[in-house]
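Following this line, the structures themselves.
Here come two complexes built around chain A, the first alongside chain B, the second alongside chain C.
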Partner chain A sequence: MASVAGTAFSVSARPPPRSLQVFNGLSVVKSVSFANQRKSIPSLRSHPATSRFRVSCAAKPETLEKVCKIVKKQLALPESATVAGHSKFADLGADSLDTVEVVMGLEEAFGITVEEDSAQSIVTVQDAADLIEDLVCAKSS
Partner chain B sequence: MRRWLRWDMLPLPFNLVSRHLVVSSLPSLPPAPLPSRREAHLWYIVPNELEDASLLQDYRELLSPCEKENVLSIKGEALKKCAILSRVLVRTTLSRYTDCKVNPRLFKFRKNRFGKPEVEHQNGGLWVPPSLQFNISHTSSMIACGVTVDVPIGIDIEEKRRKPVNNLLSLAHRYFSPYEVQYLASFMDPESRQSEFLRLWTLKEAYVKALGRGFSGAPFRDFTIRFKKSTDSVVPERPKSEEFRIMIDTASDSENLTANWQFALVELSGSHLAAICMEKDENMPGTEQEFLKLKVWKTLPFVEDKCMSETDAVINISGLS
Partner chain C sequence: MENGVRRWLVNVSQWNPSEAQFASVISLFPVDEQTAITRYIKFEDKKRALVSRLLQYSLVHEVLGIPFDKIIIHRTAEGKPYLKNSIDFPFSNFNFNVSHHGDYVGIASEPLCFVGLDIVSITTPKQETELEFINNFSPYLTALEWKNIAHAGSSEDMLVEFYRYWCLKEAFVKAIGAGLGYGLHRLEFHHTNWTGISVYIDGAESKKWRFSLSKLDEKHWVSIARGLPNKADELCCSNLLLPELRFSFRTAEELISNVS
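Entry: the complex of A and B
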């Protein structure tokens, strides 16, 4: 749905106040209302999205696996390092340049573009995989 | 005036006697005079130089309950250590500028709407000097904290030899402004290009952190950092050290990306690049606005502070007076 893709991932309007957390030099705005909706109202996914809502597909296992591999490579982590959905980027020692490299690696691998302000909501590898899945879904629909 | 009993004012024997009041036996921090209006102070820690596990434990005790919880949730000893040292550096540095009247443990912090941490000035009880501004940056091998009074500051440090995983021009095309891409492309030698990339990266990071908006709030492609030769002609080739100024261009209609900021770029300790950005003082005469004063200390809090300004450990690349 082109209209969803066009509005869901480049939010430029000033959003309502949200709780904040820092993410390695990037500003991270963690949207409390969106997080709740994502977990408690799965039917939201089938509705056409307004510009305020983000269509949310939880990442397929193969997407998550591919994301984990790319994160490991971009952060130059040893093969023995554990990177899983619950891994926080901050805990993997990623600084702002690392984060940008990871995002670019993911964009190239999946053929998508991640707007800077979408990256705000990424705390864990799972968050990144879910966002990728959203973008891939939107691109192919 | 209410007197606070500070554990770190007590000499060691008293610490042992009044153990219930004392968490550790750390000595006092030496106070530091406040930076002047056009001055930035930079304090840095080299994590590898801390080998004393009991000192790290003492440091941990300075953290707030929330910070301690955060450290607990981090996996990996090196990252845990870095997290503790980051908080300790901020807290002890700020304490110095209160003439050590405020115990490092007592500072409270809040975040602005983009997530930039700030000191929360509390009502009653604690004395905090006017408007201490700070910003922190770290790599795995160094943690730095910049401090100013009254004006926002942003800093970024990177290891000099850092080699990005991705192709530098791809990164630049994706994230930098067209002018900056062209500038980088003009360097054929990979090492020079890498060096210029890191210079641009740290300066851009320092700017968005000084603005308080961070990377997400101030996309890198929306402003340009360029190096202007001091003889006032813009040159595409690499200018010689100390003969160029750091300039910033933003779109004239941008209300969020302002241009009244000054920059300095230094090499720290032979190993790191450090970019400092602070707001210009509009009251200064034109040419003097361009340069900022910087004082640098290397610290292992409560153990040793070394002033590194005017030594080989701080090499001005551009921007310092």
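Entry: the complex of A and C
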């Protein structure tokens, strides 16, 4: 196996996210700072990265249902496709672009921010729903 | 003389196997590969996954002469496929990379340099505007890249510009086998009209990487990243400077007849 070249890249402070706005017909790059900062793409892996992933509230059925709907829509799955708690994101054909969009979609729908550490542990739709329930619980407590 | 370099593409929209044909092709592969392919929900994903394996096994067989039933391809924790069979000099750093998106599945191999490949299929976002879509990816692009995207022209031009940057970043990350957790905003691509492409990593230009970006058709672009391993000798360095090989098109049927 080819050994990987110098991957000792240390994570550096990231620049604030930029928002692309069209203003008076001109495209303007506007600097925006807000809480939703990421160092890396949340990766929906085919197996969990670590076992640090713990939830204190398991997802309510309506949360799971909402997550399934959002995921199905984002990934443009056919009506006949079943998306359930046990569905693995990798099997649903989510690539890196889809992954970013799915997480963004879930954050917007539930009014939460997903940390990339937690996001990396998400394997199934149930994992995502449980994590969201956890964040929603934490937010309201 | 075999030099270990390949660039192959398959247009999967041109392959429409029956269910029976599809099942028989899958059965040509080891059980773990079969499971990996059939796990996908969407048929298009299954098809791309199968063609990816056809490319991988055909390439390894052609370049290294290993019989099909002896080829062992595993995946790293990040999901990158690699050849488990031990290989002798001069191909001891032989590596390959695959990509699939939209209508194309591609593979690239190199004997000495690390290689990464990415194909993007540009689709107009359905649930949001082009700007809203690109905005989702704002944390992964640098200020300069954003500026270039913003000045690209129409919404459609901006979308294509975004996809070009994304394609290059993905090719790099795949070449180093880092997986999706890599901080894409650390990479900044410089170019002159998308030629002479170089990468700045954490603000510093890297001399160890070469890139190419080409258009496959109106909706598809492909990028290649080639880089030097840590202990790169002169042969490897001169290898990096070789001009990029053009892609050649293969068909699924051709690959299947190789493997059967």
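Criterion: the second predicted complex is superposed on the first by the 86 of 141 C-alpha atoms of A that agree within 3 Å, B and C clash if a C-alpha of one lies under 4 Å from a C-alpha of the other, contacts with A are read in each partner's own complex, and residues count from 1 in each chain.
Here, a contact is a pair of C-beta atoms (placed from the backbone, for glycine too) under 8 Å apart; a residue touches a chain by one contact, two chains touch by 3 or more.
Because the structure is a prediction, the values reported are computed rather than measured.
Contacts of A:Gln126 after superposition: neither chain B nor chain C is touched.
Which of chain B and chain C touches more residues of chain A is settled by the count: it is C. By the touch criterion defined above, A:Leu97 reaches both chain B and chain C.
Of the two partner chains placed around the shared chain by superposition, neither chain B nor chain C is touched by A:Thr63.
In the superposed model, A:Leu77 lies in contact with chain C only, and not with chain B. On chain A, the surface patch touched by chain B in one complex and by chain C in the other comprises residues 17, 20-22, 27-29, 73, 76, 90-91, 93, 95-97, 100-101, 104, 116, 120.
By the touch criterion given at the top, residues 73-76, 78-79, 82, 111-117, 137-140, 156, 158, 162, 164-166, 170-171, 174-175, 201, 205, 209, 213-217, 219 of chain B touch chain A in their complex. Interface residues of chain A, counted against chain B in their complex, comprise 17, 20-23, 25-29, 73-74, 76, 90-91, 93, 95-97, 100-101, 104-105, 107, 116-117, 119-120. The touching residues of chain A, counted against chain C in their complex, run 1-7, 9, 11-12, 14-15, 17-22, 27-29, 36-43, 45-46, 73, 76-78, 81-82, 87-88, 90-93, 95-97, 99-101, 104, 116, 120.
In the complex of the two chains, the chain C residues touching chain A come out as 39-42, 44-45, 79, 82-84, 93-95, 101, 114, 126-127, 131, 133-143, 146-147, 149-151, 158, 166, 170, 176-186, 201-202, 208, 227-230.
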